[in-house]
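There are structures below to look over.
You will see two complexes here that share chain A, one where it goes with chain B and one where it goes with chain C.
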Partner chain A sequence: MGRTGTDHNAIGQAGTEHNVVGHGTGQAGMFDLAVVGAGPAGMAAALTAADHGLKVVVVDEQQRAGGQIFRQPPEEFTGSVLRPTAGYGWATGLIRRFEADERLTTEFGWSAIGVLYDDALPGGLCLAVNHPQDGTRVIGARRLLIATGAYDLPVAFPGWTLPGVMTAGAVQTLVKAQKIAPVGDVVLAGAHPLLLLVADLLVREGVRVSEVAFAQNIPKPADLLHALGAVPGHVRMLAETGGILARLVRNGVRVSSRTVVTAARGEEHVARVELARVDRRWKVTGTPRAVDASHLVLGYGFSASTELARQIGCDLVYDSPKGGWVVSHDDRLRTSVPGVFVAGEPTGVAGADQSRAEGELAALAIAADLGRDVSATALAEAERGIRTATRFSTVVQRMFEPAREALGDLAGRDTTVCRCETVTRGTLDDFLEASPFVSDVNAVKLSCRTGMGPCQGRYCEGSVGTILASAREQPIGLGGRFSAHLPIKPVPVGDLRTLDSFLDAPPDAPPDGPGGDGSGAVDG
Partner chain B sequence: MSESYDVVVVGGGLLGCLTAWMAARDGARVLLVDKDQVNQHASGQNAGSLHFQLEYRMVEAGEEAARVAAEAMPLHLDAAAMWARLEEEIGESLGVRQTGGLMVAENADQVGMLEFKAELERSWGLDVRTLDRSELDTVAPYLSRDIVAANLSALEGKADARIAAPAVARAAVAAGAAVCARTRLTGASHTPTGWDVTLRETDRTGEVRTRTVRTAAVVIAAGVWTTELGQVFGAGLPTVPLALTMTVTSKVPAFIPHLVQHAGARLSLKQSLDKTVLIGGGWPARLMRDADGAPEFDRKHQLIPRSIAGNARAAVNAVPSLERVPAVRSWVGTTTVAPDQLPLVGAVKGAPGVFVATGGSAFTLGPSFARVLTGLLAGRSPDIDLAPYDPARFTEGSTP
Partner chain C sequence: MTRDDTWRRTARRRGAAVTVVVDDEPVPACTGETVAAAMLTAGAAFEQDSGGTPRAPLCTMGTCFECAATVDGRPLTRTCLVPVRDGMVVETSRRL
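And then the complex of A and B:
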């Protein structure tokens, strides 16, 4: 399972072996850097850090490197060669270099479940990781990089929990990584350009797509050019954007604008969806029309994956265009928590180019922090990369910012807002009316259980936040955000018993390792 | 001064909410303020045990310490009776079940401890009974075979810390109290008729404003911030802060009807009415401190690997079927104790009209603390001897 450059065991085989020691692992057992996420940000960071002599471990719960955008089919699909994603020419090279790099310790299939602190690791932190079969371990590291990516923005409306309702990202993953496509008539609805890409992907797989509904006016080709440059797809595909639209129309796909899905209907599975006209702020104006559909694919955009950052206690800031709550950081990608850095989508959903650039800069900052020589040119180059990427991404972010208030209004009294705990909008409304002293989402969470389930609130935070904001006539940001706790993904109580078993770093520390020098201290 | 009250309650934990509710029922004009939201600190983070037996932390330091801790028993017995009728009086569920609490033992030493405890507790009027292994087979079949005996207190049980304080706050509002969140008491000055207190509040636009209100009396129900508030009123209220760890599981079919504690290990567990299992027992977390070592209660405190692991081991040892149950979150809560394990309850010396209660199992004891404080506010003489809980007992002589 795990792979390391040396012969040292990785956690995969750990069990009771010598590499797992009880608490008390000293500084020698620590990695210099633990990276969570092997997408563009995490891969770039790990390689850059290794280039500067850091002992690096990368943890990703997927089976292979690549992250969301370059998700690779499982290795068992032997026929599948890594196809270069056009426009991201660097991607193939980055993944190949990453996979071949002997210096890195990689742990695929392991989820990072939280960060703890142990007095036995002064100046370090303990990254807890869990594997469905192999249990729980902690990894001691001097620095942590959060490169956990993003996920589809969930929107609650009547019927959204019916089987057959899927997110664009999930469909893309199914088709790309698992080679499975939905069967039947598909309707796609949302506001993000990824919808067009997914519609195109489905049409090419031979799936019948009946309609693609955009909440805003259909982006003009010029808008799309900007948009796709920063988020999905790639430069060469930009030229094809118009082509996608044309191809969809040619295949009998209706592409509508100013249209929002207000309900999904069906007994045990989606059979019909209701689409309604909306105004410029996405408020429903007309009576919905029904469209038969076996699947509804939603694509309203992305939310930054910030559970780990929240669990650690990093400050977040509310920035709707950037994807809601994003992790605060300085110009070297340091978070508010000493020793913890962030790169990629958790800083704001900005696409693969920016993720990679941020990964590089974060690694350089970490190397400098740990006393390595970092050239000014390298830093300047990484910063330039971020500036370039940001020019695109801010355009996209502004253009495709979801009208969250209107989306919040889609949930009716009986609509389940929190799927994990099956809490309806009506329960929330009644609670808020009876409890005028409540004005924060965590107070709502504690009383109503919304966000208390295994997903840590990532599915309902947006809905709860907008419902609270409109009930209290306060800005969404003032209502706060759900806190997250270890384990950020559930693990059996029995697995927590080994939370004090450390995975040691490979013993051959680079000669210039910082040892116990004060500059490495994490906890102030 | 436009705004005036009979009492300002500082703190929207269970204690503050109960006090505001009871005082409002008494006819007082009450303002409750919390710097954050109702129930966001200890009262919403704790294990929800209603424990009346002496806890492990009270007996681990030896028999003499246990005897001192037992002096809180009158408050416990009062609380046990109050919890039994609280839901009816509030008119909402607080998740209360007093279906018995077991303190379990695994070896002869621990059984000896149970015997000593039971005798001490009975001498204070708490009914406890020691169950042997064969009785446990029928009463608590979910317990590990390694458990050889347990003390049962029929009054013990649980309430739901998640919902209790907000429900009481709603009752307080219904009784006429004003409840203001995001409102921090930052200053106080003594007046001939009481106090002018300064409140810093964040309004719905995010703007921060300051106002002063006049009040005859003040109740400090501020948990770990008690010492800080004491200073605002010029009084010494020393408390010892603790950061403790809790873990909760996903929902599983009901199988643990009791509160379960351990005579020789840090462990408390119970199944809430939501069917989640709450695991705690006093495992430490790292309390955040500033450069000078002063605690910083507004920061996020840190989990310690050994504590989570140790707590999980203790839980699975006692209830083996928990091994495969998903844990969904572990968190840190902060609370106060006093050096002698007894609470601080009563009038604050040197600050006329100011009252305080905190320390120890203040969730369990919340109702009796609130009843005592409400009585003091109304000028009634307490029916429980408060001398052992005198807030000034550690500062006597040292205050100028």
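And then the complex of A and C:
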């Protein structure tokens, strides 16, 4: 394990030995590069940057390296090791190299809550980080890499706030890393191949999986192979998917296509779910049938985690197959804000191979930017890695693009759309009808409070955008996106006092869109 | 309110046995587990929404805040990110 900046007892003085903490520490303690996220993108970037002589700090709010796909069991669970998914043989090696690298400073358990600028650090930026026990401090760096990954695409439908409803990623993490398993019957529903992996994981733990429902026709491995043609590297992964399907069916799991979950029912916990047939565009056609279940697992795909990029003021672009709003960048992964780079899922949800390749390229670009020698061969190789990965991810993205309009229709008038502020679809519909000139999601946010709670809109932006788009008969991207403000992940009141004297916008970057909604530090 | 039919521990090799206190009730846990995982296996209730309806973890990766609680006096703590420590005090509440 590299140097670890903090000790949980050292409240308030965390990291003073090597970091800019607060003002006036000057350039000396500054890192060349701060990486947010220790998934495949962040790990690859950190190692490549260190290889080019950069002083690197990596911040991740999880306890260990790996990111979402390679989430490791806790160190305390002795003997429990990560078994990477088929096709990702490189994962274990990357994690071990990252963890053993003495050159890297790692800050696990810390959340990046925003970027500030400080006159005392010309040419640098200050990354504000928060810890559940230790509060807020600031890390100074010359360059920032956003490698914050993605999260499961939220879809609002009746009953989705009931305990017992979880995302596929959540269940995968609990089973693989926390070593706990759901009790009772489980139904999985959605549209992403991750559902198959999670169903298989559950069956192998002895969990009763009654049904896996896919909104689309399930592409047969042969179709996938045909579509992918020239991407031999991924055959193993496809073979694995075929094997899983066969294993599920052998275990009595019903695998349905053209089926979506239209409701979860129960008093204080899921007891039953309703599944309905859909047409090719995922519009419900038949009467739902009820299936008993105590757990409902949702996997419609992923949304890119872009809140840090939004807070900094980076340009974003709407690209539905890539995961909705994604961060714009040039061919060296520079964002629109000077000094800020992006790698992995925030550029588009494209899988672990592409994340790793982008991490490498971003680090090379940053090293070159800071005047280090970067060989043309290394750059060409990194670019080739991205091209190979993109050929695969583009096919997968197209094949599994969510039919957002139909998913938006699943929310009825009484359905909670904004989970944090408990705002229903009915409230949105009434507001949109009464305010015919509103065509922007931030205007909806200001009036209806959707997106003002602790999740900061991560779980309702998609629904609000879709509902707005269909009310105004405009493309989803035209409705814009929620803006984000420091702290992008809310912290207890008082935690931000450390930051009082900083500038809150990059001196040379455009201000952060419309907003100023006062969402931020929320008193629990 | 607790229920006993939601989650169970699988692997036998876990961390040392500790106890956390959730809304004045002792909840057994093992070091390395997150507070949310310990609460799920104990069937403990999480925070309720402003209407008094129960909620529970949705993402277990720190993005949704459905698992938030006051932990050792610090509100808005995401219990899915925080590992248990012996004697930790967790208070769930109704959201404002």
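Following the convention adopted for this analysis, the second predicted complex is superposed on the first by the 457 of 524 C-alpha atoms of A that agree within 3 Å, B and C clash if a C-alpha of one lies under 4 Å from a C-alpha of the other, contacts with A are read in each partner's own complex, and residues count from 1 in each chain.
Definition applied: contacts are C-beta pairs under 8 Å (C-beta built on N, C-alpha and C of every residue); 3 or more make two chains touch, one makes a residue touch a chain.
All values reported here derive from a predicted model rather than from experimental measurement.
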{"item": "Touched partner set for A:S111, first chain B, second chain C, both or neither", "value": "second"}
{"item": "Which of chain B and chain C A:D440 touches, first, second, both or neither", "value": "first"}
{"item": "Touching partner for A:R332 - first (chain B), second (chain C), both, neither", "value": "neither"}
{"item": "Dominant contact partner of chain A by residue count, chain C or chain B", "value": "C"}
{"item": "Partner chain(s) touched by A:R272 [first = chain B, second = chain C, both, neither]", "value": "neither"}
{"item": "Partner chain(s) touched by A:R449 [first = chain B, second = chain C, both, neither]", "value": "first"}
{"item": "Partner chain in contact with A:T167 - chain B first, chain C second, else both or neither", "value": "second"}
{"item": "Partner chain(s) touched by A:R247 [first = chain B, second = chain C, both, neither]", "value": "neither"}
{"item": "Touched partner set for A:R208, first chain B, second chain C, both or neither", "value": "neither"}
{"item": "First, second, both or neither for A:A181, with chain B first and chain C second", "value": "second"}
{"item": "Residues on chain A lying within both footprints (that of chain B and that of chain C)", "value": "453-454, 490-492, 524"}
{"item": "Parts of chain A lying in touch with chain C, wherever the complex brings them together", "value": "61-63, 68, 73-80, 109, 111, 132-133, 151-152, 154, 161, 163-167, 169-170, 173-175, 178-184, 205, 268-269, 294-295, 305, 419-422, 453-455, 458-459, 489-492, 522-524"}
{"item": "Sites on chain C touched by chain A in the complex", "value": "1, 3, 5-11, 13-16, 30-34, 37, 40-41, 46, 49-51, 53-66, 68, 70-72, 74-78, 81-83, 93, 95-96"}
{"item": "Interface residues, chain A side, partner chain B - complex", "value": "23, 114, 116-118, 126, 128, 138, 313, 434-440, 442-443, 446-447, 449, 452-454, 456, 472-475, 477-478, 485-487, 490-500, 524"}
{"item": "Chain B - residues contacting chain A, complex", "value": "12, 36-40, 44, 162-163, 166, 169-170, 173, 179-182, 202, 204-206, 247, 249-250, 274, 279, 286, 291, 299-300, 302-306, 308-313, 315-316, 322-331"}
